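One chain, chain A, links the two complexes that follow: it is found with chain B in the first and with chain C in the second.
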Partner chain A sequence: MGHGILLSAAEAEASAGSDIDFMIHGVFSYEIFGQTVWITTTHVCLLIVMLIIIGFCLAANRAVKKAGTVPTGFLNVVELIVEMLDGMIKSAMGSNATKFANYIGTLFLFIFISNISGLIGLRPPTADYGVTLALALITFCMIHFNKFKYQHVSGVIKGLCDPWVFWAPINIIGDIAVPVSLSLRLFANILSGTAIMALVYGLLGWIATAWPAALHIYFDLFSGAIQTYVFCMLTMTYVNDAIGSES
Partner chain B sequence: MEPRLFDLDFQLLHDAVLMMIAIFVLLLVASNKLFNPVRKMLKDRSDRIAKNIEDAEKDKEDAKALKLEYEDRLKSIDKEAEQILSEARAKALKNEESILAKAREDAQAIIERANKEAELEKQRVADEVKTEMVNLASVLAGKVVKANVDTSVQDSLIDETLKEIGESTWLS
Partner chain C sequence: MEFNENFILGCSAIGAGLAVIAGIGPGIGQGIAAGHAAAAVGRNPGAKGDVTSTMLLGQAVAETTGLYGLFIALMLLFVKPLV
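So, the complex of A and B:
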């Protein structure tokens, strides 16, 4: 393949200076609707992230099934994660939490694991606009589905013409801006971290030993966690607004 | 494919659709395998703990009631024991009195009998002395008749006899 899925130090060192690579590469192509599309390195990393999450879910399920009266070890971790996510969703969405808890929880796990996958040498899938756009579009659909469901057409129209009928175009732009800003924020934050790490490993060669760990902590862990939280929080707030403004 | 970073083209749409499928799959797996079972387990556990606490409270109440009952019973047992003891004491006192009375009676009877015996003995001794004196008188009379004349002799004889009586009879 020649192109690195991996951004590992070893590979960067092997081609020090010559190969600064944080781009998305095609793996193989196929035709659909008369267009040539590629399965890219993003999809490979996406698959790995999915496998990690699915593996974790299966392990958790096994632990739950085998659980005795007193929770131990791995089960404690699983409980901690689920309770933490549920607590976060409950605090953001209140009484609407139960309907969206599973999706928001899945979203949180996926974005977080994606963002920190740079730590195991993957190119984070969230550093591809195709991924973040999809997530933001789902959020967009959730917002407007719930808006129509709970506020009905009259409520939506009233909302658009708020405070005055001529503000409608601006309100529409504002609605459309939501998924764009959501997706671009996540994409750009993670891409910048990925680009900087690639530059550090690509340009500094052997000098980039050990100390980039600090950069990983910032760009992968800190920024990754923050962006995950922001994305989920905004999704919950928008959806809650769509539901709650009437009731 | 040229290396890409950000393009608004059909590939982006394709990526987005694939991603939606991926997140849908993840949602299904995570819901069925992670979130729902863990939530159910946590709920079961909290229910079980609540039930245990409730049961414990109930048991405690029961135990308290039992304790009260037993304390009451113990109190009444004390009372009963007190009653039995006092009855026994009264009975013992009565017995003691009757025994003492009987003992006194017995003692009285013994004393009376002893007195009687002493009296009888005295009587007997007195009778004996009388008989002795009669005997002596007759002996003395005999001796007086024998000696016959002299008063001085008579006096001496009486003295002698009295001395004999005094020494032998009165002393015995």
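So, the complex of A and C:
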């Protein structure tokens, strides 16, 4: 015990015991610098999600290169997605949209495909705290990089001691709470969906035929899409706040 | 004092039940958000799309605290950190 849900490799199998199984499993382990490191099911699912996205991107690239004056078929879908993402980023970031459109678009596609990968029988990679914490830390770095870039050191210190000098510790705790809440929100949402689906399939047996599809639509599609939107929206809001009204 | 494993498991189950009480807060909060959204659509039916998307965003953020409780409950039941 002690590795918990984050790294529970082979131990989870012993602890889960029955058919109910939504834990991360180790596929194989290797030693590096005296530490045992596990390649888990998260890595495998992450690889599959990446392959899906890369395949989609290659197909989209080919379609764009061959495009005539009137878009047809697959190109329509690609244009729809790009226009939707552009519209979302434009409405949230205003004049800063062009600088961050690439990253936010990548983030949106990755989190969305990860969240709905439960539909094709994978364990969603975002139901592993390692993945969501990494995403939230990228956001955290972006926030503070942009803060130092646009508000300079004096502005950052002024913002830290906002109402009064002695409020600085509280402001620092507030800054640290951003990535924690951002990552835990996504993680807990997707994990709860995964856990509830595992409970339905594990406990109900043959009763759980066909109708859990409705639960899949809610937990995987609806909840996944909403949480993707929330993560991207909050990232954009925080970064826009960090840039301030200067530019 | 030494406790055996079954005692700790039972207490973990009680703790998991208590942790899920956190669901009350988001329930009330999401209800308030939905109620106000319904009132806003009633006042201005043209803004239905904007009101709905804003409501869903706010509800998804409000849901977080409840999910923390659920997360603790799941940890206690399936990962058993205290055993």
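Throughout what follows, the second predicted complex is superposed on the first by the 225 of 247 C-alpha atoms of A that agree within 3 Å, B and C clash if a C-alpha of one lies under 4 Å from a C-alpha of the other, contacts with A are read in each partner's own complex, and residues count from 1 in each chain.
To be clear about the criterion, contacts are C-beta pairs under 8 Å (C-beta built on N, C-alpha and C of every residue); 3 or more make two chains touch, one makes a residue touch a chain.
Only a predicted model underlies this, so the values are computations on that prediction, with no experimental measurement involved.
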| item | value |
| --- | --- |
| Comparison of chain B and chain C by chain A residues contacted | B |
| First, second, both or neither for A:Tyr150, with chain B first and chain C second | neither |
| Which of chain B and chain C A:Ile226 touches, first, second, both or neither | second |
| Which superposed partner A:Asp86 touches (first chain B, second chain C, both, neither) | first |
| Partner chain in contact with A:Met23 - chain B first, chain C second, else both or neither | both |
| Touching partner for A:Leu191 - first (chain B), second (chain C), both, neither | both |
| Partner chain in contact with A:His43 - chain B first, chain C second, else both or neither | first |
| Residues of chain A at both interfaces, chain B in one complex, chain C in the other | 22-23, 187, 191 |
| Chain A residues within the chain B interface of the complex | 3, 21-26, 29, 32, 35, 37-38, 40, 42-43, 46, 50, 53-54, 56-58, 60-61, 64-65, 67, 71, 78-79, 82-83, 85-86, 101-103, 105-107, 109-110, 128-131, 133-135, 137-138, 187, 191 |
| For the chain C and chain A complex, residues of the former touching the latter | 56-57, 60-61, 63-64, 67-68, 70-71, 74-75, 78-81, 83 |
| Chain C partner contacts - residues on chain A that touch it in the complex | 1-2, 4-5, 8, 12, 15-16, 20, 22-23, 181, 184-185, 187-189, 191-192, 195, 226-227, 229-230, 233-234 |
| Sites on chain B touched by chain A in the complex | 1, 3-6, 10-12, 14-20, 22-23, 25-27, 29-31, 33-39, 41-42, 45 |
